[in-house]
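In what comes next, chain A is part of two complexes: it sits with chain B in the first one and with chain C in the second one.
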Partner chain A sequence: MEHRTLAGDGLPALIDELIKKGMRVIAPTQRNGDLAFGQVSSSAEAVLDYFLCKRSAKEIVFPRTEAILGFDRSGGEVKVEPPSMQFPETVVVGARPCDAASLPILDHIFTWDCDDELFTRRREATTVIGLTCTTADNFCFCTSVGLSPDNTAGSDILLTQLEDGQFFVEVVTDKGEKLAAELGELFREGGDESARQKAGEKARALVTRSVDVSKAKGWLDDHFDDEMWESWMTCLGCGACTFVCPTCHCFDIVDEVQGLSGHRCKNWDACTFWHFTVHASGHNPRDVQYKRYRQRILHKFRYYKDRFGVTLCTGCGRCSRHCPVGIDIAEVLETAAGSAAS
Partner chain B sequence: MNRENIYFPHLAQITRILPQIEDHKLFGLTFVDKSMKDNFSYRPGQFVELSIIGTGEAPISISSSPTRPGTVELCVRRVGRVTNALYNLERDDLVGIRGPYGNGFPVEELEGNNLLLVAGGLGMAPLRSLLWYTLDNRERFEDVTLMYGAKIPDEMLFKYELLSLLDRPDLRCMLTVDKDEEGIWPAHIGVVTTLFDQIEIDPSTTYAAVCGPPVMYRFVLEELLKRNLSKDRILMSLERKMKCGVGKCGHCAIGYKYTCLDGPIFTYWDAINLPELI
Partner chain C sequence: MSKGLQDIARELLEKGEVQVVVGWGAVKADPDRTRPILVTDPDEVGELVWNPRCVNNLAVYLTKAKSDVQALGKAAIVAKGCDVKAITGLIQEMQFSRDDLVIIGVACKGVVSDGSLWQGELTEENRDLKCRFCDVRTPRTYDHLVGEEVPPVDAEDDWKDVRELEEKTPRERWDYWQEQFERCIRCYACRQACPFCYCTRCIADKTLPRWIESGQHPRANLAWNIIRAMHLAGRCVECGECERVCPVGIPLNLLNRELAKEVAVEYGYRAGYDSEAPPPFATYREEDDQSFIR
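Presenting the complex of A and B:
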């Protein structure tokens, strides 16, 4: 696909042009004191000189709560209504590669065996313009899970700022090509590929944390009962890691009632919550916290890989950054990989 | 009704409520939509997501047999929020049903073999489906044996139905209770494993289907292995908190398997390779 170039000050114009064309634009924006992905009504609301949003971009295709049916019992009889399955054309501007990469990873779970069309239709209606990183911290470890700060996975278009300030516009998918064609006037044909290479190297050098994830998996594969797990008992079971995670996708189905009507909702849930596996009888197959934390790690680095061929992690580091008791997922993997070596 | 939305339930009417034992009732449900009523089919061992609109959903195994279409029977224990709400409903009230879900018993593979059904407590609920499926297709199976143990006579599910099978010549129906303080029990007394001394198992032509509380498995599996039944001929119906039923929500994930799709029927071989399964 033909690459293009965007002027160094071209991002606001790009956002405003998309809004003018009637698209719903989602970008990092201030929401109640935090940076979050949200709809913007003008480029002035978008914050693109940023590190990461506190929560990931997954909620664009997998909202924290969404109705799967509406119900009404006011007439005496039960009436049920399916929700609308029409979703507006949406463009995400400025997703970091670790956020964009979560989307194709989530495709596996929401489309295997049968499609969850609440997910797939949102996904189809969404075009992602990724943005190569310019900063990283010590929790970032994307390069250890096969990604990088300039990786194109999940982006339809990836923008990389070059040394001279201009953006290299990498058109990744057909969807990206369609959008780039529509924005023709903003983009200049062609791009400086060697400058793009250089910017990519610079971005990759930002990530200094490195874990041998495949070695760690080798250890995880046959140490289900290792005593190491109990040493991670500090986990509070607060679920913060799963809520900020771009790939955690567990959900609950809950009826939310107002008077005689309401909605049945698909709400985010977390395998680290004690009630996640508890049976109505009271029996809980994961009866203590370390077993629930173990499930989170094994699901990400062993089971999902065994089932779908990909690791359920983009190395964004959010879980470590936000853990109230300082559990660092890369450190858990380092311990596993280290044990494999010894 | 709504094929795009995999979470959308079909409405069904409660057409029968048969009390079983304390806090256990058998609910007969009939789909409101006629084509659903006529076409709903399932395998023994599968489950549905039963919903009380406005309260929520719960996974319940199907207790009726697909050989008797028209009404789906669910044996429900009153224990949680959804089941308590169900107990507040009456005949003709509406509930929601999604499903059937899960793999069910591999009935075609079982054909031509001896079958040993071993149930404990509420474990009879899913095995009743297989039992009636087998009896309704009796010529397709060799010897069929049912072993069912309850703590006391008052805690035996489907008691009168099962007692009426004691005289059936084409079924070896072995019912037992752990204790019978009132002296009213007409059959065996002792835990379910004490029945094993009364039977012969030919390991080359027998499949066992086991369902019961977690504590029961260890002892029953021990008996079956002692009689040289291979691990892939021991089928177990296992309980997990299945929420979505379609392999998405993660609640019933064990190892790389999803109980709602890969189970709830697992072989003992699967169980050995999947920690946390039982």
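Presenting the complex of A and C:
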């Protein structure tokens, strides 16, 4: 790992330099009163003194909706148009470690039985500059899923602000190395490693919540049926948790048609929805809401782990923060881990 | 204050008058926040709380959309005056009758939805918009009341938020709503939290034909949000739950209130006050204006 320090006035200079070099820069930006990842045309639009965006960064590689093909039969026969696979070179600046870490987790599913090129090509075209956290709340539990507020997973470059205000630069991947080389002067050689360690410790101390996720998994492994699930009957069956989650990745394939032409679209979907599992016959194997909520937990902490060896959660706490009825995922895991102990 | 509530709940459960009490309890990781809880065991009534952070409108659990909660048995519900408006509307829409339910009303001076404004107490500044003109601080109907009666706020709804919107040109309004709806992620939290969105199969979930595209793009988002607003016109009690739960902060209650004002002006009707009143859009009168039918 190469260590450097960000020169000049830090982040704004970095963003403006990337834009000058013709790259598409995505950063947290304020749009109509909502802070979200979006393209910025100058550093002035980026908000990097922030906690977390409400929506995660997954949209950058897994948009809410996208056409997987276009079709048109206005001329009599059906013409099929494949989607464009040209994705502009993109740099995400300021992703928090729990956002960045979702990308390698998602790689598993999108390259599993087939290569979802819309995802993988976007992913290839995207370089992530992560930013160590400076705040956390009671819903954060990244340290319980093997991550941390200064973790490099998913970042090609990680920036950590030191006590003196300077940014310590860790170049993590080859992609990060390539970008660092292009940025040349902006990254000064060398950095104060002990100050970096100190900043990391400080950041890690912000996360006070700790859940024994492997113990919870042990319990989940053989408690598909348990009254614990029924205690979350208050779940409303919305998609707020799944749609703000950086790792939830379910989608539906639907045709959106206007007249004789249209698009076949890949649209976000959610296991917490009633109609997610309803059969054509009308039968629904997940007939009540707690069973749908159970699926969300089991997929994240049991099935995904069994299949790919990683947990489908970065501990960002978004689902708990935005749940209309205050269902706290860490508490659900704590309950599971607690039951395993007894 | 919470004590009286717990005593009432315990008695109802112990006497078997109800099998479940739908109330609020603290979120363990953030005790400043509350959430809906279902208490079926008299020994667990200690979890029930009532404070200005009890924002959820629990009437949503009384609808057929939440049938697993009804399966628990007869319910007592803890309800603020504005929540009782929703219950009144549901009775008016014949979702259940008044006798099916025990209402534990709470006398209320206001609630604070925005946690970032909460400093440990309710103030003029941090209370929700709906509370600033509230005429139901003592619920209009209840079986038990927690706390002393609170007189209505001495001010009438000034529709300031709606008037500001109306002052814009149609083009500006269009742009405003397009910008807002653009970021809708179609999570349907607004619908799921709304006591009046109890359809067994929402038009947004119908696929044969698909009336509203599921894609989260401006065309479909506009269709979704406008259709939902129209389906709530004359029924919405402006509890603000949809807006509170929207994870991307779309001012949904402004849209609801625009329609509520239309209904108030054109029909002299406001929802949630009288379970016997004929609902404006489900009533036919011979003398209704028919000049628009050609």
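As a convention for this text, the second predicted complex is superposed on the first by the 339 of 342 C-alpha atoms of A that agree within 3 Å, B and C clash if a C-alpha of one lies under 4 Å from a C-alpha of the other, contacts with A are read in each partner's own complex, and residues count from 1 in each chain.
The rule is short, and it goes like this: a residue touches a chain if its C-beta (ideal position, glycine included) is under 8 Å from a C-beta of that chain, and two chains touch if they have at least 3 such contacts.
Since the model is a prediction, treat every value here as computed from it, not as a measurement.
When the two complexes are overlaid on their common chain A, residue A:V78 makes contact with chain B while staying clear of chain C.
Of the two partner chains, neither chain B nor chain C is touched by A:L48.
By the touch criterion defined above, A:D252 reaches both chain B and chain C.
By the touch criterion stated above, A:G239 is placed in contact with chain C alone, chain B being left untouched.
In the superposed model, A:F224 makes contact with chain B only, not with chain C.
By the touch criterion defined above, A:A195 reaches neither chain B nor chain C. Contacts of A:C271 after superposition: chain B is touched, whereas chain C is not reached. In the superposition on chain A, A:G33 contacts chain C only, with no contact to chain B. Shared contact residues of chain A with chain B and chain C: 252, 254, 269.
Of all residues in chain A, those touching chain B in their complex are 68-69, 71, 73, 77-78, 80, 82-83, 85, 109-110, 112-118, 224-225, 249-255, 257, 260, 262, 264, 266, 269, 271, 276-281, 283, 285-286, 291, 295, 298-299, 302-304, 306-307. By the touch criterion stated above, chain A contacts chain C in their complex at residues 31-34, 36, 54-55, 64-65, 137-139, 209, 233-234, 236-240, 242-244, 252, 254, 256, 265, 267-270, 273-275, 288-290, 320, 322, 324-328, 330-331. For chain C in complex with chain A, the residues that touch the partner chain are 27-30, 33-38, 56, 60-61, 66-69, 179-180, 183, 185-189, 191-193, 205, 210, 213-217, 220, 241, 244-245, 247-249.
Within the complex, the chain B residues that touch chain A are 2, 4-9, 11, 51, 53-58, 77, 79-80, 83, 94, 96, 214, 239-241, 243-244, 246-251, 253-256, 261, 275-276.
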